[in-house]
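Both of the next two complexes hold subunit A, though its partner changes from subunit B to subunit C.
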Partner chain A sequence: MAVSAPPGGRMRGLLGRDPIGYAFVAPYAIFLVALFGYPLALSVYISFFDYFFAAPGAQVARPFVGLSNYAEILGDPVFQRAILNVAQFILINVPLTVVLSLVLAAALNAKLPFRVFFRTSYYIPYVTASVAVIGVWLWFFSRGGLLNDVLGPLAPDPSWLVSEVWAMPIIALVVTWKQLGFYVLLYLAALQNIPRELYEAAEVDGAGPVRRFMAITVPGVRPATTLVVILATIIGANLFTEPYLLTGGGGPNGASMSPVLLMYREGIEQGHAGYAAAMGVILAFAVMTISAVNRFILERD
Partner chain B sequence: MSRASVRFASIASVLILVLTACGDGDGGDGGDGDGGGGSPTTDAAASATGPIDIWYSNNPEEVAWGEAVVEAWNAENPDEEVTASEIPAGESSEEVIGASITAGNTPCLIFNTAPAAVPQFQEAGGLVALDDFADGASYIQERTGDRAEQYKFTDGLFYQMPWKTNPVMIFYNKEIFRTAGLDPENPPLSTYDEFLSTAETLVAEGGVEAAIWPSPDAQFFQPWFDFYPLFAAQSGGQQMVEDGEPQFNNEAGLAVASFWRSLYDQGLTPNEAYNGDSFADEQAAMAIVGPWAIAVYGEAVDWGAVPVPTQDGMDASEVHTFSDEKSAAMYTACENRGTAWEFLKFATNEENDGQLLELTGQMPMRADVVASFPDYFEANPEYEAFADQASRTVEVPIVPNSIEMWQTFRTAYSESVIFGTTPVEEAFNTAADEIRTLVGGS
Partner chain C sequence: MATSSATERTAAQVDRTVPGGRISWGRVLGLAVLAAGAFVFLFPFYYMVIGALQREPNPGISGAFPNPANLTLGNFGDINAEIDLVRTLISSGIFTGGVLLGTFAIGLLAGYALAQLEFRGRSVVFNAMLLILVLPFQLFMIPLYVVIVRTYGLADNYLGMILPFAVNATAVFIFRQFFIQLPRELFESARIDGASEFKILRSIAVPLARPSIITALVVTFIGPWNEFLWPFLITKQQDLQPLAVALANFISTVAARAPNPAGAILAGAVVLAIPAVIVFVVFQRQFVESNLGSGVKG
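After this line comes the complex of A and B, so read on.
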């Protein structure tokens, strides 16, 4: 389409054909800049200093240290462990989330009795405070808890939450359960966009339910899958509450330490804001890279 | 990118730059200052009088005390009115205070300052040295006695006034001791051997999951309720670090660690956290607590209290313990510091200290609590054992990087004592080397 030069001169050139549009996007743009853009820029800035928070006007030394925070973090065994932990978490959590939420959404999309009841039930954990549901999971997974009672002699020793092997997978399971309702909802919305005729045609051609699911549903909700994978990765990378509460501060022996819990410990508790900010920047870049790769893989034809 | 999004991006980046530049105004000028401390206006501020704000803790007993003290002060000093409120809710008081220091809106006084957080608040330029007042140091030393020394920062100044302590002891459930066939009036808990064999009997015969169940969690403050009280006792009153030198890996520290290791190893103390209050739920026969426990468990449990154990046993009158102390501190956002200081002295005079004891059961940081308030202890004899301990409390060392020091120790303790994956001595020595550097201020 050919666009002729705008007649309104320079101002018009800068603001485009419908300058009023900026007024409509301004509130959100300002919100985004003030609450995300500014803190992000500030944390990049802070990460180059031996920074800590101080009273206004206090004379404190916060020397520029260049990349040394980054160098120190990359060599910090606790951080390396946290990254491996969260990688393990994502490897369990993300595929499980995609499979379970898609299957559940497909089931809930069918004309089940009590469909609304089930939909609500899956959504409830998502809107319940983590702190409250973690109490329940503690009873379930603790040494004398329900699960070990059922397992009897098969219960692992050391028990789930104090086992260096099991702590992280358990957290991944709990988080999957907690977030599932939200992803089911995303898939339910995506399922509405698949034309019924496709299923009918496939049925006429003799495709069974599994074949129909694999050949129509799965490709039909692919954009939603991209979104689910990216969101689950981002939320997983920000893991904090579960290792803080379920395994007593990233225990046992740091086996469930997460990068964000470490940032809290370093930046808020110990006052090393520069160090924690650098960790945040590394984490943000890692998540962006993973998301870009995911998107590339999932969206290519 | 389309032209529209290029335009949007450029406008957004201009906004970001503008906002960051604003932030720079007060954030970026700290390039090479020489550490917190006195501004030129210190003397003027120290004598300024007028209305002040204070915060106190949010438990009902301390609120009642705070309200009474403020009311009494305001009646006498209408020109120097004190406005008091509870410390705002947050993850922890230390985080709220830290954020408030950064924002520059701290009140004049906070009657809930944790000694371990004082170095960080001081480094942030948030605290007023009470030595700025002519009678500052002498008032503290007179009221608290020898133990006042433990509250000086490494620069020799008092950035806090030791206010009240909850000296910790072993609290035990007499009913469970009876069930296990142990003498509830003279329980064998004085030496490590006695304690271990009592613990074994309790778990075998007493119907409890654990003999004693301190939190095995990894947070920095957890050692205050397992390792540190016993270390204070075993070492005869040593602090974690003295004159920059870590002490916890000495003979006393290793004895304490091996004692706890035995409890974990034999399953008498679980290495998994209890989901709730193990003592109240009668899942543990003992707990390490301060005198606040009397009000909390007093009605429901038939309890007794003994000093923490030592390797070969010690007379109760010689046993030291962890203070679990809270200080009152003055914050630099305070303008009318003259009034704040007078109020601080008023709130910690003998009458108001007595009131605190009466209302909360917590021990004022006075040289001799029992002798200062004989009537109270006659009426409440169950508090006397705690009061006697209150004269032999050991504080956390007030040193740079104090929180990181405790975290480093906790990590070493977790792996060696709680989970037993590394030998204790090796883990403690490695932690000691790191801590030596940390508290040296680098």
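After this line comes the complex of A and C, so read on.
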């Protein structure tokens, strides 16, 4: 909307038509500055210092160290392992999520009976606390658990959650299961935007259901797919609860160590706040770069 | 063959009950896919309840079926002895309630101003809000800990727990999207009559916005109720810990002490899951709408 200065007074022209807006938005603006703006700046600032937590009241030197925190992190094998773990998470989570949620959304879209029941049941894991569902999965994947009982002699040894090979894939599966309902609804919404005439025209031209799905549905929901990839990247980079609880603090030999779990270890437990803050900055940069690249690739045409 | 003709008959019946269906096999396949999905999503919850009720933990296949001889409510007593369910539920309630209150009071004002009032700098606030929606939390974890715990001394304090979540950005976005579709003329006559902007908000805008307020608050509820990392970081004192944190600490450190650790963990999980599931099932329409809204935009 174009702001046209009303005839009354220079002040109104300067502040806009409704200066009362400042009063309305002030509490939120203060909240944004105090709890996001300032911490964001602080994060970048302390990442350049050897900033560590000392006992309250104690005076400690926190020397400026330039980029050495960053250099140290990038050379840290534990951090490299954590990044590879996130990559593994994304490689499992994204294809599974895209395929399963698109199939379920397409089935939900077919005006079948009990749709509300199905839609509701898919969403329940998404609204349940991670800590609660981890309780069940711990039991399910445990050594003498239901899965191993079904598999019998095929059960892996060491068992799933304490296996260096399986710890991360299990986390990826559990998180995919938990988030899937959200993506089903996202795709369901995207499906509503595809004009029905496209399907009718394709049918007249003799295209079968599979052809129609690949040629109309898949490209039609591309914006939603971009969003899935970006959100999955953010969730992968933010993993904490699952590696911490499900695989007992990062799995055997850091097999399910996540960057945020490492930040917690280094920053809060060990008190190296500068180091952990630098790790946060690196991660945020990586996530935003991947998001931008995804957006570019998937929305090119 | 008897079986295949029976299946065909059911398919035909399904077709008759729902007008407009054409390819019956496609519909059967669709229903089968949906039912398989529902099983995968719901079975762990059924398994959670069954496990919480078992006297002797039975993680085998037979344990997936209820056995009256092995049922008990004792696990709820066991977990209650370890983490005091009432106290931790009250903590979760205070944390969640504080966030809901902040989101309603501050977020509604901001959403209205961002949509209906014109002032310089409005787009700066709006863009900052959008940025919060995409910036990952890990960027803020350490500095928030420094600010809240070290600078303000709010460790082991409800205020410290609530502050980073106090105004849910998604809720502000929902409010703004609702108010922006209302025509300005709707409020113009009240303004001419000399009503203050706050009175307009309270007596015209809020009553109209009731559905989107419910949507925003339901979406907001899930966040703090299920949140683990932040309250875990700043509460060392047990009597302030929300249920999610207390249960997680029980899982990672003391579970071995309980006579039936799996049963106690699952009993705690049931208590933690129930409020959120109830809120969701009651308000599921609002959830779906908020998602559809964001999906159409995306």
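One rule holds in what follows: the second predicted complex is superposed on the first by the 258 of 301 C-alpha atoms of A that agree within 3 Å, B and C clash if a C-alpha of one lies under 4 Å from a C-alpha of the other, contacts with A are read in each partner's own complex, and residues count from 1 in each chain.
Definition applied: contacts are C-beta pairs under 8 Å (C-beta built on N, C-alpha and C of every residue); 3 or more make two chains touch, one makes a residue touch a chain.
For clarity, every value in this text was computed on a predicted model and none was experimentally measured.
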- Message: Contacts for A:F52 in the overlay, against subunit B (first) and subunit C (second): which applies, first, second, both or neither?
- Response: first
- Item | Partner chain in contact with A:P27 - subunit B first, subunit C second, else both or neither | second
- Task: Figure out whether A:P158 sits in contact with subunit B (first) or subunit C (second), or with both, or with neither.
- Result: first
- Query: Touch check for A:L112: first (subunit B), second (subunit C), both, or neither?
  - Reply: second
- Message: Just to be sure I read the superposition right, which of the two partners does A:V175 touch: subunit B = first, subunit C = second, or both, or neither?
- Response: neither
- Message: Looking at A:R265 after the superposition, I want to know if it touches subunit B, subunit C, both of them or none. Which is it: first, second, both, neither?
- Response: first
- Task: Answer with first, second, both or neither: which of subunit B and subunit C does A:G248 touch in the superposed model?
- Result: both
- Query: More residues of subunit A in touch with subunit C or with subunit B?
  - Reply: C
- Message: So in the superposed three-chain picture, is A:G280 touching just subunit B, just subunit C, both, or none of them (first/second/both/neither)?
- Response: second
- Could you tell me if A:V229 is touching subunit B, subunit C, both of them or neither one (first, second, both, neither)? neither
- Dual-contact residues of subunit A, meaning touching subunit B and subunit C, are 14-16, 25, 29, 32, 37-38, 42, 53, 56, 135, 138-139, 142, 144, 248-249, 268
- Message: Taking the touch rule as given, give the residues of subunit C at its contact with subunit A in the complex, in rising order.
- Response: 14, 17-18, 20-21, 26-27, 30-31, 33-35, 37-38, 40-42, 44-45, 47-48, 51, 57, 59-61, 63-64, 105-107, 109-110, 112-114, 117-122, 125, 128-129, 132, 134-147, 150, 163-164, 166-167, 172, 197, 201, 222, 225-226, 228-229, 233, 244, 247-248, 251-252, 262, 265-266, 268-270, 272-273, 276-277, 279-281, 284, 287-288, 291-296, 298
- Within their complex, state which residues of subunit A touch subunit C. 1, 3, 14-22, 24-25, 27-29, 31-32, 35-40, 42-43, 46, 53, 56, 103-104, 107-108, 110-114, 116-125, 127-140, 142, 144-146, 149-150, 177, 180-182, 185-190, 192-193, 209, 223-224, 226-227, 234, 237-238, 240-241, 244-245, 248-249, 259-260, 263-264, 267-268, 273, 276-277, 280-281, 283-284, 287-288, 291
- Message: Which residues of subunit B touch subunit A once you look at their complex with the stated criterion?
- Response: 3-4, 7-8, 11-12, 15-16, 19-20, 23, 26-27, 30-37, 39, 94-95, 98-99, 101-104, 106, 120, 123-126, 209, 215-220, 270-273, 275, 332-333, 401, 403-404, 407, 411, 414-415, 418-419, 421
- Query: Once bound in the complex, which stretches of subunit A touch subunit B?
  - Reply: 14-16, 25, 29-30, 32-34, 37-38, 41-42, 45, 52-64, 135, 138-139, 142-144, 158-159, 161-162, 248-254, 265, 268-272
